[in-house]
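Naming follows writing order (A, B and C), and every chain is counted from residue 1.
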């Protein structure tokens, strides 16, 4: 499954909707037992949530957008298929979340790439289920430090703390992902799926229980003047960088 | 305490019953403050649950067997004594569980030995309290990967992820276990026991709360045609290996 | 914030009260966004809870003392400021707890210094919220071993298991703490504070829910004859060492 929402695979509402439809098709295709998630955009796996969806829109729009983000997480984190992230570019914020949802993470050894939940650097806050997913992946203390400082890790750093499972030279990432997939597919699906569900269900249930309040939280946070101003400044900075 | 149920220390119902009686005797012997768990069988610590107890028997038998497995875990994980595993052979599945129940794990540095919860490889699933015990030992992410793939680790790998605490040359394992025991016995029993209970009680309470449903789960899972067939194939493979 | 309760920064009731007042002043000072916690005593960060407050006093005194210890933890662990521990000396028991409450820990690379929750060595038991704080810092298994054996770690060992984040030569500890503080203060306060609260609130809530019973526990434990005798023996040993 190659994500292509150029230039940076931003997770816009349209992109998330399309992603969910594609994922569901594969999920229902009995011939498909595993999926490799990778990027068709140069140098970036996914830039994360699309800031344009969080700026200058209506409360209804924010709620619809956030529900789609939740849905992406719920489906990907609980997928019955074997999911492998072939992280062939930078992967901040929501891009890091997608990678963490997979069963296994392989990252290209390019020193220009980075990965992490860097929300606090933009003055916003990763929601509790982003946090839970990271705690499940790298433990409590590394998550605390990562989230408070909004850290982005280089590939060797990400590997060291367990945020990715394996590093490979960039040109070998797809073949390595295929090799790892064979290893995972050698396990009987039924036993693997029950095991995965046992590991992840408590985390999923937390969001399901608080899904509505989490949407309300997001909407009331993102509509604050101070937050809208932070995002505006961030977008202007991005424009200047391009220019 | 040297386990001897030759050839491979399978945890049969008889063996578990005998084990529980021996453990209780030591537990009630005020002169005994610690126990070293090791194997009298060559090259194997324990092969885990006896497949013969899970194949072609009645539902009543499965329930009785599973209750004994639960009881073994409950007693060993909460033992008031200092428990040290001297892992002098391979230790898959239930054998790994026994080792993880101890306060400290020393493994012989023999490259032919391996340790891990490999249930999914046989098409079956480790129950939640096996999973909880492993999460308590090596953390969430390493457990997730271990259980989904049914991984068996070599001694250096097991040491690296924290599944065992120490590696020693095979001929020194008993003397090292005795030395470590002295270190643990230097701590006042009362303070150590309260601390151990504080660390482990929440995990124990989860099984106590769901003990009956866990037995029902096991019985309905193991009596499935597909699972019985998987076990049959596995036993035939074992026979062929021997032959 | 330099602790000076000579000779060893024992956490007496008076010292805790003064500490809480100072911390609250800084917390309410809008010009103060971060605090570096360090020691003015030679060779010791803090010796932990003052044994004199736990020996030969009334139940009312014990209850008042314990409430102050709880209060110190509640305030420091949830501080809105960036808190950095510059551990310029040994830091057993309650001293280790204070360090673990901070957002970041830097320790002087002096082989004579050690850090850890060594309560069981004195025959007493770290309460559940000491344990929770350690689990949040170094994970479940390392905590279990640390607490059961009452381990004190050398600086390199403490760094290896994640009990401290960074080691520096002793003469550079204050300048390094200032440099790290700049890094943390570069993050918008609001986003960092919400994130910190999200990470730590569940742990804090556990004590708040059981605060009274935790005080009762402490009082009934510390008033036991056997415990009073243990503490007396420990104090005599300390006196002899000095002599």
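By definition in this document, a residue touches a chain if its C-beta (ideal position, glycine included) is under 8 Å from a C-beta of that chain, and two chains touch if they have at least 3 such contacts.
Since this is a predicted model, take the numbers as computed values, not measurements.
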| item | value |
| --- | --- |
| Pairwise touch network: line, ring, star, complete, or other | complete |
| Rotation, 0 to 180 degrees and nearest 5, that superposes subunit B on copy subunit C via CA atoms | 120 |
| Distance from subunit B to subunit A - Cα centre to Cα centre, in angstrom | 36 |
| Junction residues of subunit B, two or more chains touched | 139 |
| Subunit C residues within the subunit B interface of the complex | 119-126, 128, 131, 139-141, 143-145, 147-150, 226, 230 |
| List of subunit C residues in touch with subunit A within their complex | 103-104, 135-139, 162, 165, 183-184, 187-188, 190-192, 194-196, 198-200 |
